[in-house]
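Report on one structure; see the data block that follows.
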Amino acid sequence: MELIWLIPLVPLAGFLLNGLLGKSFSKPVINTIACGSVAVSFLLSLNAFFGLLRLAPESRSVEYILFSWIPSGSFNADVGFLLDPLSAVMILVVSGVGLLIHIYSVGYMAHDEGYSRFFTYLNLFMASMLILVLANNFVLMYVGWEGVGLCSYLLIGFWYEKRSATDAGKKAFIVNRIGDFGFALGIMLLFWTIGSVHFSTVFDLAPQQLAYGGGIVTAATLLLFLGAVGKSAQVPLYVWLPDAMEGPTPVSALIHAATMVTAGVYMVARCNVLYMMAPTTLLVVAIVGMFTAFYAATIGLFQNDIKRVLAYSTISQLGYMFVACGVAAFGAGIFHLMTHAFFKALLFLGAGSVIHAMSGEQDMRRMGGLKSKLPVTYTTMLIATLAISGIPLFSGFFSKDEILWQAFSSPFGSPLLWVVGLLTAGLTAFYMFRLIYLTFFGQRRYDDHVASHLRESPKVMTVPLMILAVLSVIGGYVGLPKALLGGAWFEHFLHPVFAKGAEIGKLAEGAGESHATEYALMLAAVAFVVVMIFTAKRYYLDRAKNSEQFEHGFGGLYKLVYNKYFIDELYDKIIVNPLVKGSNLLWQKFDVLIIDGFFNGAAWLAGQWAISMRKLQTGMVRSYAFVFLGGAIFVIGYLILSR
Amino acid sequence: MELAIFILTSLVAIVAALLVILQRNPIASVMYLMTTFVAQAILFIQLRAAFIAILQVIVYAGAIMVLFLFVIMLLNLRREDFGKDIKLKYKPLAVAFAVVLLIETLVVINASMIPALPGANLPATFGSVQGVGKELFTTYLYPFELTSVLLIVAILGAVVMAKKKL
Amino acid sequence: MNEQILTIVTFLPTFGALILLFLREEMKQAIKVTAFVTALITFLISTYLYFNFQPDTAAMQFVINKPWIKALGVNYHLGVDGISLFLVLLTTLLTAISILSSWTSVGDRVKGFMVSLLILETGMLGVFVSLDLFLFYIFWEVMLIPMYFLIGIWGGINRIYAAIKFVLFTMFGSLLMLVAIVALYAIRYKATGVWSFDLLSYYDLRIPLGAQNWLFIAFALAFLIKVPMFPFHTWLPDAHVQAPTAGSVILAGVLLKMGTYGFLRYCIPMFPNAFDTFMPLLAVLALIGIIYGALVAMVQKDVKSLVAFSSVAHMGFVMIGMFALNMIGLQGSILQMLNHGISTGALFLIVGMIYERRHTRLIEDFGGIFKVMPIFATFFMIVTLSSIGLPGTNGFVGEFLILLGTFGLNKVYAVIATAGIILAAVYMLWMFQRVMFGKCEKPENQKLIDINLREKLVLLPLIILIFWIGLYPKPFLNAMAPSVENLIEQTTAKKMHLSQFAVPDKGWQIATATQIEE
Amino acid sequence: MNFPNVDFALLSPSLIVCITALLTMLLVPFLGEKRQAVVAHLSWIGLSIALVAVSQQIGKNITTFGGMFLGDDFSQFFNGIFIVAAMLTIFTSIDYLRRKDNEHGEYYPLILFATYGMMVMASSSNLLVIFLGLEIMSVSLYVLAGFARTELKSTEAAIKYFLLGAFATGFTVFGIAFVYGVTGTFDVAGIINAAFGQSNVDTFLIIGGALLLIGFGFKVAAVPFHMWAPDAYEGAPSPITGFMSAGPKAAAFAAMLRIFSVGFGGTVPHLQTLFWILAVVTMTIGNIMAIRQNSIKRMLAFSSIAHAGYILIALVVGSGEASSAAALYLLAYALTNLGAFMVIALVDSGTKHDEFTSIDTYTGLARKRPYLGLALTLFMLSLAGFPPTAGFMGKFVLFKAAVSQGFYILVVIAVLNSLVSVFYYLRVVVKMFMTEPDGQPIEIPAVPVFLMVALAFAVAAVLLIGVYPQGWFNFAGLTILGAN
Amino acid sequence: MVPLEYYLVVAGIIFTIGMIGVIVARNIIIIFMAIELMLNAANLAMIAFSRNLGSMGGHVMVFMIMTVAAAEAAVGLSIIIALFRNRDSANIDEVNLMKW
């Protein structure tokens, strides 16, 4: 466990190696370095995880400080790492899923010009993400936080010759910066009220130094949550994530589905002590989460780009996780985070496999009937779809159900949250199956050129798919709830991290409604989901020809949803354009006209004065004498008058 | 009597002075200037400055003015050269200036509190050649020597400027 | 050695310039080599300062104090402390780098160019090491002329306007400062009966409140213009855009620091009460500068003027961090001075490299450079990221400390300033995107050659520093800590003393007060 | 008989100058047309002997000629300025006159006489003596200004200078009359006695002061008595312009400082206010007018007016310290301006008649003659008051004197004025360094040996005073006899 | 005895006339003569003061002034001659080559 500092450093080393020398390496060397470093990280994570398991639950928190990073006065930020159940889960998910995606990328990116660049960025991402989850203080976490943002920027804009890609990358970075703005301010507020940025110190001192539900803790948590909103693409800062699909698909899988976007959830969970002290914030978190979940799901309904559907689905699922956090069920949130990582990564990779096979086509309206051509992809994707839709026995069912149940039963929850959650789950099932039907079933809608290249992806891509498919199934069983005769082992494992928060929030473990209610709700959910799946089947498989008619049947609503509520246009209109126009105005009018004008005007005035004064210098002695005399009269007159 | 002479001579001096500057013919101006100088010489005598009065007539009215005349002749200036007024119309302003200056002069003179010192008990040599000469060669020896340098410079300068060919 | 070292460092460049005067104009290569070697040796010698610096004391180090003009109380008094140490190093480094960067870009009148640069270096170093007001002023002005030549002779099309504007703006402030220096000098004389310009003794001088305000305004104006702070910044874009690369590098890298350094060394400790009075106003100006600079930078069409406006924003950060007058803010502010010198210097170098190839700086003339110049692109990317303060780079450490310090001063300031970092990302990334990304469609761009070894060597030290300060700023922070602490203590003590002006510990204080206030 | 004692040692500097002038004057007719330069060499040799003599008299601080000749440090300092100015002018002129085909030996004795006049002016506090010195100086200068007799501009300069100078003399004389009428003596000490401690100074004395102010204001070219200066400066031969801006100005200021700072000594507050106004107006108008000039000589003429404005600050302040500061300022200004005019004379001597005095002439000069360009730049910077030049040191001590007496606003105005001045001084630098000539650049003669020496001296002196004035100058204040 | 003030008034008037003469006259020689008037006025004042003070200094001064006047006349007239040679005119208003 003393080696935890190596977990982020190994990919960093891989990054440096590939980054500095990648040009001269052959592809195998590059991918060996890249995948190898992540594999080492994964192994070290496993080692750390099991090391942690060997400790008593109360003492499962290990800190390792590498060096003092920024010491300034009373402020000190270390490069230090914290291993506890929460970060252990995170590093496992990150390095595990990351490893699979690295391997997948070897195949996916095989023919790309920027091969070494891709793996360089990817490794840098792994390093940043691991730093983010392992950091033992806010500032180092912020490093990882911005680091993953950078990688996201680089990878979204990976195909930099494409205008839309670089635009999307820039958008992602800037929108994330808006979140970071809050995050940074939150850190500062905490530092100036508590005097430290170290997690352990802050969480120890916060309950003593800050009032429960007080303004400071509420402000701090809200600011931190702003960071989470940005990073985890919640309303209103979600706009970058759909665009982020411009990046290569493995990137979407890794960064924009499995890992980075969940950083917000991780951070909120990490700060559970603070959040539990601020019920107002919790309410905000829950509302934002639920609204995002529902809102994004509606947009996802009628998108035609396969990756965009998944993107909105990701946003929606992240919303779920925040709902969990908002109702103080951090364990459930993390649980969903993990299962989501599996099945969403799988979905993206599957989509990537489809796109790969379709020679880059992403529009589902030009797919169809791929089931037989891409059997592995189809199977694995179907499993993931079942998981995300919350079909029992698949991982998603357990985590999603846990969240719905908590939303209903937690002291911070409410039946309303449950209802919206249920609706969202139904919508999710609908659009996911719409995706499956449009892609794999029905008639082929692609041309011959595509068909000629159409074949199942190579092993290096399908194996990760299969592994993820397995995980998507079994991943849920680690957190089998008590109601389903499980031990809720996952939550127990995480419990030490959330214990203090629970104490503050006065949450009694296992309290709440009886199992009967839980069963009833579960049943309702499953039933609703199944209904939605059949609806999808009806309109997209059975009556595939009329599906367009069906969609347009929603009229204005369809238009609204299809165009993503015109939010991008709105942002452009009320923020971006005025900003650019205003800045131009500032520059042209204020800078050039007023400030410079002032100084140039002064100079001009002096010049004009000189010109008019020169007229006095007529060159004639008499006029000189005249002025002289005038001066003499003035001098004498002045002295006489002031005598 | 003294006052009458004073008034008469000063009137002559002032009128002649005015005529000096109002003439267009430089020769006439020179003549009027001489008149003023002579009138002033009379005032000097009234003020018991005999030596200075003599100098005034001999040096100023005599030598210097002759020089002026000489140059005027040399250059053969004609009044037609100055027939037209060029652009600058200073006359009204000049009159205004003159008025202001006169007022200022009067105010100054009026405001001064210089006591009238007992001028009656002047020594006999006051203003005489002997008196001034003594001063020149004792107290004012240094300035006196300086005047010689000044005159040399003037000669040198005049030579430099006026020689046809150096 | 310890006593002579600062003299050597400061005047070695001038010495080199003198040697250059003996070389014939045609011996271009020899001139360049001599200049570079001089600058390099100066830099190497200046590292002696770093290695022999005692980081645990606030006292001035490597002090030399010799009478110069006795009758006026002017001493040749040099010294460095934790505040100036790194600025000295930055100056020597950037000068060497900028000479190297001008190797091929300056072909005309190379000798004059190098002589100007070297004399400029002496001027800048002198400003940072002077501990005598008179000496300081002389160096302050001395550096103006070579810079004027650099812009005016080797600059762009509009160079003369820019050069004159630069000089006039700077002179405007510095002349008022001269009056203030003289006034201060007279006040000190009245207080102690000794004519002296010794800076350290001015720290103990209790200046009456009324006088403080006026003197502060005069000093502050000089420094504000230099920084430059909104609304005195308009000379900067012109100067930057027109200046040759080396000029821009020095201008952004070092000259602007002279303003902030001046604030730190003169305005704040000498006039703490006046500083208190004016701080809100200045802070607001700094904040406006941060936002304004960023917004205006965003819409620039010329890369250099974009970077110039970004300097306005960045220097706003430095100023606001300083105003916090707490350890964190001040350390951040000083560190950010270095960072800005490094990052913006590197940005100008980069712009210069591409300008040398394309002879244009208009953003719209580029696009897709990433493809043809990948190594260049990487350097550019790193510097851009450093400029927007990405963690892991130097910019983050400085900006974060500044914001943190500012937060301790006033939360609203901090919020506004932090918003500035969003905008920083906007304009820098947008610029980067337009220049580097996209398809390389212009034929003249397609033929661009990636940077050569010399250019890599030019950028490499800065890249190393970017990461060094970003990843391990401790040596920097530790070295400046005692001096900063001392500065805060001194200032606070003096401020306290003067706020209780009714009970002075020496009679003359009252006397001076009334004299000054009449 | 009270025949005054004469201390010839004390008189020696001025006597040497005077005798050299007389000797050379007499020598001129005996030399052939080609050997007129001999006069020049004799002149500067005589001047250097005089300079040695001056150095022997420093620190004596005694008087002779019954107090009409003051041998105090103040006067010795000014004597030094005059002699150096004359020497530099002679060095500049040798080649200039030859190139202009105007090599007449009378030129040098005239310079010497002018120098003698200045020395007389600076070494006395007797109005009568000062007046005579002034006239000796002026008469020589009138001729020198018109020395290029065949040039229209030169004679025009001479006549303008002469007429207005004589006009101003009238005021001076009238002023002396008033002062004499009140005090009964021509010595400045009389003014002190009459004015010091009096609550109500007699109007005649004040008006006398005012008239003297007008007369001397003309000589220093203070606004509004400055109108002659640009024309006279432009028209006069370039070396003489330099000389005019250095020597006579210094001499007139020396006299003014004696009369007003020592004599009136701040006893007439209104006079002080008047000086304040004149100082401000002079520096402002001088600077503003200089902005738009195209002839470099004319530009420097206005700049000289502006500098007169700065030095008038010393008269506003009126302290002994300020007088000394003014002395240093004048030294710095003289050296700088003479240096500038050396370059100008050299450029100007490129043709026989049409003079190269337009600033445009200097376009691209630095490319062909970098050191010449640098030298002129240095002088321009010194004029603008950039450290480390003599000009800065002069400004600094002047401002120090003013500020320590509380004249903040005045100093701020002065400082803002120098900002304006920076603009036009740098214009020359811009032309030389930063622009390229459109057509054929003008031919600039090679630097002759004597000019080279003089130029090197000026450069060195300007830098040395700027960097190390200690030892050159007693900052505690020059001893001024008669000032208590 | 005529009071001092009377003489001063006369001197003042003549001085004023001289000053005005400089402005209004166009002939250089007349201008010069006007200046001589001013000097004379000063002389008159000087002598009057001298008389009032009973001091001979004024006389010496007037002596000097006359010398100066002579010297100036010599130089001035020679300059005028030189000028006349160049332009064949003694009209002061035509001497305006240098201006602005």
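Order of writing sets the labels: A, B, C, D and E. Residues in every chain begin at 1.
In this section, a contact is a pair of C-beta atoms (placed from the backbone, for glycine too) under 8 Å apart; a residue touches a chain by one contact, two chains touch by 3 or more.
In this text, all values refer to a predicted model and were calculated from it rather than measured experimentally.
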{"item": "Minimum number of chain-to-chain contact steps, chain A to chain E", "value": "1"}
{"item": "Each chain counted as touching chain C and chain E at once", "value": "A, D"}
{"item": "Core chain by centroid distance, with centroids computed from Cα atoms only", "value": "C"}
{"item": "Chain pair whose interface holds the most contacting C-beta pairs", "value": "B-E"}
{"item": "Chain located farthest away, centre of chain D as origin (C-alpha)", "value": "A"}
{"item": "Most widely separated chain from chain E, with each centre as the mean of CA atoms", "value": "A"}
{"item": "Intercentroid distance (Cα basis), chain C paired with chain B, Å", "value": "69"}
{"item": "Whole-Å separation of chain centres (CA-atom averages), chain B against chain D", "value": "30"}
{"item": "Averaged-CA centre spacing for the pair chain E and chain D, given as whole angstrom", "value": "25"}
{"item": "Centre-of-Cα separation between chain E and chain B, whole angstrom", "value": "6"}
{"item": "Shared interface positions of chain B, touching two or more other chains", "value": "88, 90, 94, 97, 101, 108, 111, 114, 139-140, 143, 147, 150, 153-154, 157, 159-161"}
{"item": "Multi-partner residues of chain D (each touching 2 or more other chains)", "value": "128, 132, 135, 139, 142-143, 146, 149, 158-160, 163, 167, 171, 181, 203, 207, 230-231, 423"}
{"item": "Multi-partner residues of chain A (at least 2 other chains)", "value": "614, 617-623, 625-626, 629-630, 632, 636, 640, 643"}
{"item": "Chains touching one another, given as label pairs in label order", "value": "A-B, A-C, A-D, A-E, B-D, B-E, C-D, D-E"}
{"item": "Contacting residues of chain E [partner chain A, same complex]", "value": "19, 22-26, 31, 92-93, 95-100"}
{"item": "Residues on chain C engaged by chain A in the complex (per definition of touch)", "value": "165, 169, 231, 233-234, 237, 292, 295-296, 298-300, 326-328, 331-332, 368, 370-371, 385, 390-392, 396-397, 400-401, 403-404, 407-408, 411, 414-415, 418-419, 421-422, 425-426, 429-430, 433, 436-440, 471-474, 477-478, 481, 485"}
{"item": "Contact set on chain A toward chain D in their complex", "value": "603, 606-607, 609-611, 613-614, 616-617, 619, 621, 623-625, 627-628, 630-632, 634-636, 638-640, 642-643"}
{"item": "Residues of chain A touching chain B in the complex", "value": "618, 620, 622-623, 626, 629-630, 633, 636-637, 640, 643"}
{"item": "In the complex, chain A residues that touch chain C", "value": "67-75, 139, 142-147, 150, 153, 157, 160-161, 163, 166-167, 169-170, 173-174, 177-178, 180-181, 184-185, 187-189, 191-192, 579-580, 582-584, 586-587, 591, 595-596, 599"}
